[in-house]
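In the two complexes that follow, chain A is the common piece, with chain B as its partner first and chain C second.
Moving on, here comes the complex of A and B:
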């Protein structure tokens, strides 16, 4: 969620709340024996408010599980989660008198730090990453479909290769003078051996098949194929440039298609990478939040007891 | 050859419309972690709880209570059925009989825990925060509406009154004519020649056992016999906090015994006692002399025994009549000795009041044993300082009425609120003031066995 002008009311409300809490805290801590203490009346108020904020923030998960519930707009819930979750941190610090304590209270404080820090990181990522993704990944697809799309790209590439191979088999004599001249001066480039002389079309088909089998198919079919030559755009361009030298100009659009498929695969890889960054923090934030709410409830009950 | 064309329709056709029903690694991880992490947290909690109740502790106990760390229920006594277990004053009273603070004057009772805040790893729980005191003393309210104490005391730095004795109108109640200036001059006549006196010649901590330099040999107070003294006595703060009282025999007699000499015919000086005892001593002394000196009646009176112009003790007509009988001689000798002692020797230090009888009355010395009646002070803690660093007016003091107590400004030159944060000594209330009137403390009876205290219990 982008934190824009629409958050203004929440921002002002949150900051005002923190300010009021801080203004109350200063005389409270100065006049309390040994400083602020969670067990005092004021300390309990801070603790209760913070618990209520955390509980509301935690309910976002439940709200998402049942999206058809007509309890406020999803955006309102998200903003509440963001800002009330934020305000719970200073309230807890005021509640504890900026002490971490020992045992359960220390565990709770560290959990709170983890939840708060991961939440802040998440909010920053959610603010910047979507725009970055749109800019850098024009061919963005549904994340969960990336594996399926990769396989479709492989199939698409296979079709192109087959068409090119068929074209080469039936049109040897169609080699142009320019192609002949170019292939005559070719050598070995980028791991692809360029045939020479008039035998270009027969060898080109085999080399194209070999290129697809050894380089392109493994790259496009598998995710996370970093380190492969085609994962690097400049190396990829170089390799496809050599393929163009093998083939007659009328087949160059097919090479462009293959290059285009590789480019799309690179974007899919980048999308996976961005998606992991954009959503990976939730692997920390959500489990830690549940643990915090659970142990927080124990703390609240036992603090009232003792 | 057909070029690759990307249309929305083409792209849409690539999608599996049921994709959201299939588990995805990130979602799967999130799901399982959301179960696993809380379970681990609860498991950790259960494990800790199985060992002790310490898991609920909000912080380390104070040094004195650390031994109770395994047994929360010693202080956290369960009340209200089985749930509530907050610390009550009764739990504290099991071990501490702490007398209440002005119970007949305060408007509301405060609990022990409101001042002695536990679970802060305090090295000394009695060193309470100033706010414990200022919650009442910042605006002191009493049941009667009036108070002998300052109504507004908020801190030591700015809102603390001057010490009572040093406020306008305060005087030293002492009735001994002591001139500190004279005593600290060089080449003072000592028992064995000229001396330069030092503060510690007369003022020493009670715990000090060394002999006094100006006492009468074999007459200074003896230290307690070894069997009657324990190490605890030596360590007890009070014995190292305050000065020994000023006594004639230990601090004055060495030099001033000569002022109690009443007759050259006797080596022994008059006793440092009440006039009646001195009188009895003199009668006995002259009776004995007369018995052993048959020619005493004809002995002339030494001129130095006749004090010119003295009128306090006796109405003396000069020249003195010649005694004819033993009794007349004894009466005359005693009268002369009385006059020498009461009008000169005793008056050197004491205020003598002519009474209705034949003997004067000695005004009680009234030297304050403690100046701060509502505060504690430890001279031992300040031993790194010279005496005059604080008692700076002493070397020039000539009058008994001079109060040589250091002012609060002197204390403030080292002590500050939150002192350690400012490289200064602490200025917190509890440095000097005790909340509880420990004189009224009753001995408390032990309540626990060692296993009850130390065994970890699951409750």
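Moving on, here comes the complex of A and C:
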């Protein structure tokens, strides 16, 4: 979620809450004989508030499971998740007196740090990455459809290659019997080296097919092809430049088509990369959050009971 | 017949004696030289004259030397006693040749007739005279073509103004459609008050075409396709009342466009959703017309909610799962003379009835399945023949009678607002209503004119548009079962919109007096119409206010101006989490109506989801009228959709999806058994009716999805951009 001026109310509220908690914490920690402690009344209040905030933040996942329930707009829940999740961290620190403790408490504290840090990273990524994606991937497609798009690109490239090969074959087949005879003997006719022209066409067709089979098809068809020459724009440009030298100028637009297909594939790879960055942090944040809530509940029961 | 074969007849007391080419002849008084010569086996060439028409002597090709100062047109000059006529002297032949050459200079060669059948009379004369390239300059300004008729092609370039078509139309058929227009060099033939032939009162009897000596009026070449069935003898057809007064020659030329088909009881004649190009006329037997598609909507179980669950689509009927956008209609409109009752969508058709008109005339998918109830004989016909039938006065009267007798009742009752009408008032209307037919593009009523009628759409689609300073705005497309023309009566003002036939349209006209009587007698109807009218006025006012604010060329090109409600995603905020798509699927029984892909405008993605267009092209062509507007904004698809895909094809933005679901159908190979099959139904965004906000917007956690009014939203955006640039 983009954090902008629409978050002002939440920001002010959160900061005010943290300030109030801090203001209460200072005399509390100075007057307590053993310093701030989670077992004291004030400490329990901090802990309870932090747990409530974390619980609310955790409920976002459940809210998303029922998107059409009219229980508040999803963006309100998301704002709550962000800011209440944020405020829970200082509250827990006030609850624990800035100590990590041992055993379960220590594990909980580290989990909190992981959840908080991953959440901050996530918030930063969600603030910047959508704009970056929009700017750098103009041909963005639906993430789940990328595999299918890759196959379409392969089919498209295959069509272009077939057309170019057919055009080259057409040039050869249209040659007269005399030209063919001259070609076989590599002679000249009327001052024009006919034979070499025909040989170039046949050779070019074979080279083009070979390029497609060895380089382009594996690159376009597969994801995770970072190490391949066509994944690098400058190397790709030089490879296509060589192809242009092989082919007559009237077929150069076809080479441009192939080059564009590779460019589109690079964009798809970039989209995959950005998508993973944009959503990858959730792989840490969500399990850690569930663990935190679960262990937090265990901690609360154990602390209150024993 | 050679001249020497002529047997000299004895002179009668009232006969006239004259000599033609040295042969003494005797003919009754009043006989023209042309007829006298013909009766005695002497051939005089002519163009403007034929035996079954009164002579007018306009082409002068039949000139003969009667021994006077000027040559006489033999077709109009009567034989006189003692007259010596020379038809074939060198000067006469020379004059004739010059006349033909002059006519040829204003006639494309070869003309359409010469190309098709090689029997253009003018070109034959020119060939006989040994004429090659004309010495005279050709016309520089084209006279034009008229392709508006489905049956007859009019090529004014080939017309030699012989008037044979005019006499055929007026004197022989008494249709009085054709006449001359213009003077001198500008002269030509005209239909009614110089209307295109297809829009005129021409009944396509074909008489003009068979009278024309050149390619000016020719049969349209749409008869090449061979229909399955037995070819019908034109004399059989002309014996049927519906083909009364149609030229047998014309039917002969269209022999391949109409066939006789026999169906055994139980045999399927056509299936709903199939595309076709023919209409059926029942000669004898009974047929059942029904909807085979279940009246239900698509519901998908699993998929969207369950992580690992299987996606299965099912159909849910209204009884099991009522929807809040339910229509109150009690009849489903189809492409036949009857409507189908909603609860039991089946009806019968009998001899003299026609079905498949919209499929035939406008190539819409078949709206219902028709099965022979008894052994049936039908005439299956292509467009040009149906057009002839529909222009035939006898058939029109028959259609009108059948409609009033069988369909008027259900048609009126199928319009929810007219439901309170009583049987006696419908009987009263039966005597007064009129079926009117309009060609594509023809204006039914115009904005600003004084209202004199109320209309119900029986067939085809009517475009309702309003003229505004910035251009015309399409208010709605009205399909069968809709009505128009009521607002002017209710408000006492001139017509507020122009209604135009979008395709081949038939409307039921209720005269103003009867409509007024209806309003007075049924206050409920008046109240409902007034409520709807007030809503329309308010919506129009809002639209006008929006349109006046905006002038944005760049997004006109994306069609965004046409939208009333766009789903846009702010790509700077959207994390591509697809929560909107999931919400949409959850809100619509598991079938998402939006795809998170589409055009980009600035940093906004215009998602593939119904735009609720001002000009909802999707509605045009629905053969059963199941896609419609609700409150003039939301486009909804009713449960009786037959899955033909016409709306999905028509939507320029790909915002209507065809969703497949499994059904059991009759096994054609093993009668009595059923087999599993797949059918489809159309789905589109309904703006989550009943909720303040669409689910996709409500469920977006990142404040990225918005439903916006394009002129308001993008208007503001562009203004800000303009200010920023300055």
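In this section, the second predicted complex is superposed on the first by the 279 of 306 C-alpha atoms of A that agree within 3 Å, B and C clash if a C-alpha of one lies under 4 Å from a C-alpha of the other, contacts with A are read in each partner's own complex, and residues count from 1 in each chain.
As a working rule, a contact is a pair of C-beta atoms (placed from the backbone, for glycine too) under 8 Å apart; a residue touches a chain by one contact, two chains touch by 3 or more.
Here the structure is a predicted model, which is why all the values come from computation and not from measurement.
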Exercise. Using the superposition on chain A described above, determine whether A:2 touches chain B (first), chain C (second), both, or neither.
Key: second
Practice problem: Please indicate which partner A:105 is in contact with in the superposed arrangement: first for chain B, second for chain C, both, or neither. | Solution: first
Quiz item: According to the contact criterion defined above, which of chain B and chain C contacts more residues of chain A?
Solution: B
Quiz prompt | First (chain B), second (chain C), both or neither touched by A:142 | solution = both
Quiz item: A:257 contacts which: chain B (first), chain C (second), both, neither?
Solution: first
Quiz item: Does the superposition put A:34 against chain B (first), chain C (second), both, or neither?
Solution: first
Practice problem: State which residues of chain A lie in both footprints, the one left by chain B and the one left by chain C. | Solution: 141-143, 275, 279
Practice problem: State the interface residues of chain C toward chain A in the complex, per the touch definition above. | Solution: 305, 571-577, 579, 582-583, 586-587, 595-597, 600, 603, 691, 693, 695, 698-704
Exercise. Can you check the complex and tell me which residues of chain A touch chain B?
Key: 30-35, 37-39, 99, 101-105, 107, 111, 139, 141-145, 148-149, 152, 156, 160, 163-164, 167, 250-251, 253-254, 256-257, 260-261, 275-276, 279-280, 282-283, 286-288, 290-291, 294-295, 298, 302-306
Practice problem: Can you check the complex and tell me which residues of chain A touch chain C? | Solution: 1-2, 6, 60, 64-68, 70, 73-75, 77-78, 126, 129-131, 133-134, 138, 141-143, 275, 278-279
Exercise. Would you tell me which residues of chain B are touching chain A in their complex?
Key: 1-4, 6, 11, 14-16, 19-20, 22, 24, 26, 29-30, 33-34, 36-38, 40-42, 44-45, 48, 54-60, 72, 76, 83-86, 114-115, 117, 119-120, 122, 128-129, 131-132, 134-135
